[in-house]
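Order as written gives the chain letters A, B and C; numbering starts at 1 within each chain.
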Amino acid sequence: MSSKRLLTTLAINGIEHELALEPRRTLLDALRHDLQLTGTKKVCDMGDCGACTVLVDGRAMYACLLLAVDCTDRQITTIEGLAQADELDPLQQAFIEADAFQCGFCTAGQIMSLKGLLNETPAPNDDQILRAVTGNLCRCGAYRNILKAGRLAADQVAHPEEARHADSTH
Amino acid sequence: MPIQHIKVLRNGTDEEELKVVETTGLPTWDADTKFTVVGRPQSRLEGLEKVTGRARYSYDVRLSGQLYAAVLRSPYPHARIRHIDTTKAEQLPGVHAILSSANAPDDITWYEEKSKLFDKTLRFIGDEVAAVAAESEEFAQDALRLIEVAYEPLPFVIEVEAALQPDAPRVHDKGNRVDEPTIYERGNAAAGLREADVVIEQTYTTQTAVHNSLEPHGCTAFWEGDQLTLWESTQGIFETREQVAEKLGLPEHHVRVVKEHMGGGFGSKQVPWKQTVIAALLSKQSGHPVQLMLDREAENLAAGNRNATVQRVRLGAKRDGTLTAILADIQVVVGAYMVGGEASEVNGMYERLYRCPNVRTEQIGVYINAGPCVAFRAPGHVEAAFALEAAMDELARALQLDPLTLRNRNYSEIDQKKEKPLSMPNALQVCYERATAAFGWQTYQRPAPTGPKRRGIGIAAHEWGGSGQPPAYAWIKLNGDGTVDVVTGTQDIGTGARTGLAQVAAEVLGLPIEQISVHLGDTAKGPYSPTSAGSSTQASVGPAVFAAAVEAKRQLLEVAAKLLEEEPERLEIRDGVVMVEGEPENKLTVAEVTGRLAPHMIIGQGARGPNAKDKTIRTFGAQCVEVEVDVETGEITVLRVVAAHDCGRIINPTMVDSQVFGGITQGVGFALTEERIVDEKRGLVLNANLEEYKIPTVADIPQMTNVPVNLPDLAANPTGVKGIGEPPLVPTAPAIANAVFDAIGVRLRHAPLSRRQLLAALATQAESIDKSAPPHTQEGQS
Amino acid sequence: MYPPKFDYYRANSLSEAFSLMQEHGGAKVIAGGHSLIPSLKLRLADPGALIDIGRIGELKGITANGNSTRIGALTTHAIVAAAKNLPQGLTEAAGWIGDPQVRNRGTVGGNIAHADPASDLPTVFTALGATINLTGPGGERSVAAQDFFTGLFETALQEGELVSSIDVPTNGGGSAYAKLFNPASRYAVVGCAAQVKVENGVCSAASVAVGGLTSHATKANAVEAALLGKPLNEATIAAAAAQISQDLGDDVMGDLHASADYRRSIAPIYVAQALTAAASRAG
């Protein structure tokens, strides 16, 4: 098989990278190997677990089931691109506050799935939060606190002042 | 030997340890101690790294020139390699090294010397045949497909009953029994049964469950000159170093094992597996760093599992519920190999949990041609509890007693095996009281059935070790600016060990936790700490950190005393300030003291002291569960779980809650959906993936409550801490099974409680069920 | 698991797609890739070349057209789930396909061309009486959904043809979808789609299909017949749902998730659920 490498431009977290990739390379492997962005995790590599979830044009997708060569002209956001300078995204802050992880291996995927939800549904109800992470497995069993973190972050995004005030009274 | 370490972890030990660092004369944290950091919620110190993707796991190591390895695995459950030819694979561009039985060192053995690193006899699907290191994972996979192997398939056996037949295919030359049966007896069990007014005799089975840690097993190995460095996803860096050094004939100081963060282990990573040594040899052969991580299929086939069991249980009791006999005949299905003392001790819980003069257990291990078992979170106890706690429920029903009443009637305040008092004889009692009170056990009103849905409640208890034990060591270094480095060779496997250890140091030193850094997970940087297993990290390493901090504080106060021209005994540290008792003006900050000293440094060394010898230290817990059963679809929904677990002093309530909720969640999976399924005709694992091996999802979790039980146990160590890692998983499944019976009057004795099993059981009892009313009323629950 | 090597070509229009398909015999067409990539990783296929049709604009979008609505083949499940002008049975089924990651990427055309027996949309399209529009180098043709799904992973698609769109009637009455799903993949163990019309208090039209049970989505004619002319209440729905065993015959399949017997035994429950919801929306 000839299988030429293709010159591919990937826009990751607002930065364009030009890479020569085998067409069979998934976005997940391009991130982890070619760009050394290892925050996105590989677990099942078959679209069953959600650990590799990234945002493609703002929507949550499995990086393990996307061909990297098919990601040109799309804006990819990974866990590394979520914090602005030193300021954490409200979801990241909420995950710490709610103890929404133990080993942390599913965390990037969980956060990106919820980020996808908040992009589309800024004031989600609890059921929408749950449905946003139905595709993200957590073997440590941090689900309860993941939902709690989703709620905290959604409230923070919807009512930043109130949420901050509520925090300070704790 | 590492195996010894693990046995110690599991059981605690009565043997006196050699003391390397003196541990006498330490203060203790008794029940009246006032705390500022300990006992308060504290978010994880590594939280920022984990939410930003910066936390580096073994899978994330990227070194210059790094190669990627893949393993060719046996497609047969039992076969002999007639011939192997790797020539074509070697010629593939990008391939740097290949290992197989054709060229691997012949003297490296595994699995209790029953297998070579690359053995020509393959005993399970997934057994290692060859390994390739190449410039990308894709190339390594391509190369595997070019390796030509001539297999001679051999007869195999998958099913435990078949394996015990005299003419069964032999997994090993000596047959399919691992060893002589392990027999325990106290009193006279047969006589105890004869004395009984009521006897329960049932057989329960539990399934093979797979850990499925999200980060697979594996490592990145770099063999440079005479130094081998392993970035290994392991629960035990020192055990890994010791074993790898021994297998490869290297001195221990030439092997360094690093594990910064780990994506779950749950017991499966407490022993080194073949792939670690394979990666090291591939690195040596290629001269490059080599990353060898298992894929999800291999993780399911060849990286350990919870052994299936068959447990024939007999309980005898007097009319009032007093137990006269407990008997258990246990078969443990270990798979094709023992990985080293790792088959579950299912018998222990039968011998300890209830007061009974006549107990007999008999346990055998059975080999079959499937992947080897390894410890899985509370090994043995999860399996035993599923049977024993259901049998107790059956006994309660037969005696028309509330299951809680029956348990209380047979409450044991002593260690009946060793005839010693328990360190906390009322701990289980407290757990029962708090769990049932928070659940509303006594006042539960069963809701009327709605359509096909029936509600029911169940309870189960557990006991476990978790005392912690020596040896474990820690250093505390006070820096010139008043900050602190805690250094120890333990590992944080996701339980929050970093944070708990920092809280201990901060408390002793009177410093805010922000001034503490914990350095762990590197054999080259910290002193020995044991494998993180047996729910013992905080209880083993915490006291070493405590001792080191006490020593550092002593030195600090000595210096401060000179500066303040005071006696050290009159000094105390609060919020980072050294002050003189009763003289608020006379003070110095810790930073001022260490600053004056710098670059001289205060280093406190600490060791874990021995446990009390005259008492047995155990942990206990109880869970109450409410379920809803759909009698049409067979679906079981766990509505709520209330847990109360004794773990000694609670250092960090947030982490304890997370351990409990995580344990319950895994318990729900064990109870309802998780099961490795093997096609007995072909020996194939049919669900070696995360689609068909069903771990709980976010939609499957019940409402969970953890009622804190904060009972400092000073027999364990001066901090009063015991473990909480494993126990919360133990009672969940039997409590669910008992609740299912309560809901529909049908007893399911085989884990997992599948929909199919439930509907079949319902069908056989169809006539006895009146769908318009609850199946029975509960005694003592008006 | 990694795919075998392949060459990759992107088609920017239908005509470009057809010429690439002619040029590269044996090539596979990829859109969302959520069925194809896993099968490549498992090395169940080694096509040598992929032709990516995912960016062909003319195959995207949802357009209302009188009494039916056209869904472009490349429309994602997420977009269908959020659409306002489609029968509720379809939008709710699309909303329960897999998880958000799958719905954001997977396409309606790819889904039905794959024809997984546990998939939701084939069942829904069959019940709704949808028409599948196919296009090839020689032009367009249309096939009723009921005739499109022909077997296990088999459809009426011919070599060189692509699904271009699906026409869904929007005047069929109240519709609903109910399923028991596998927890991880959320594929249907048993799925049922139903559409009913109620006139003068009785059922005047009923269309019911089930999936997950047999090799492909199956029309439940006996269930439908039992509904016609009856008022739709708990008793009549239960009686009609029980007829599903007639429709299924001996063809029910079992697998790891559920045995054939189990599926057969619970099928009426989901038929009744779907019918109850559909009836409540027929109002």
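Quick note on the criterion: a residue touches a chain if its C-beta (ideal position, glycine included) is under 8 Å from a C-beta of that chain, and two chains touch if they have at least 3 such contacts.
The shown structure was predicted, so the numbers you read here are calculated from the model rather than taken from an experiment.
Asks: Please tell me whether A-C or B-C has the greater number of C-beta pairs in contact.
Replies: A-C
Asks: If you average the CA coordinates per chain, which chain's centre is most distant from that of chain C?
Replies: Centroid comparison gives B as the farthest chain from chain C.
Asks: Quick one: chain A and chain C, Cα centre-to-centre, how many Å?
Replies: Taking the average C-alpha coordinate of chain A and of chain C, the gap between them is 29 Å.
Asks: Any idea how many Å lie between the Cα centroids of chain B and chain C?
Replies: Distance between chain centres, rounded to whole Å: 44 Å.
Asks: Any chance you could list the residues of chain B touching two or more other chains?
Replies: Only 137-138, 295-296, 690-691, 695-697, 699 qualify.
Asks: I need the residues of chain A touching at least two other chains; which ones are they?
Replies: In chain A, 22, 24, 45-46, 48, 134, 136-137 touch at least two other chains.
Asks: Where in chain C do residues touch at least two different other chains?
Replies: 1-5, 184-185 - these are the residues of chain C that touch more than one other chain.
Asks: In the complex formed with chain A, which residues of chain B make contact?
Replies: 43-44, 46-48, 50-57, 59-60, 62, 136-138, 211-216, 261-264, 266, 295-296, 493-496, 654-655, 657-658, 661-666, 689-691, 695-699, 701, 704
Asks: What residues of chain B sit close enough to touch chain C in their complex?
Replies: So the residues of chain B in touch with chain C come to 137-138, 141-142, 295-297, 632-635, 673, 677, 686-687, 690-692, 694-697, 699-700, 755-756, 759.
Asks: Applying the document's contact rule, which stretches of chain C touch chain B when the two form their complex?
Replies: 1-5, 180, 182-185, 256-259, 262, 265-266, 269
Asks: Residues of chain C touching chain A in their complex?
Replies: Contacts found on chain C: 1-8, 10, 30, 33-34, 37-38, 40-41, 48, 50, 52, 54, 78, 98-102, 104-105, 184-186.
Asks: Okay, in this complex, where on chain A does chain B touch?
Replies: These residues of chain A touch chain B: 22, 24-25, 29, 32-33, 36-46, 48-49, 51, 78-80, 82-83, 88, 91-93, 95-97, 99, 101-108, 111, 130, 133-134, 136-147.
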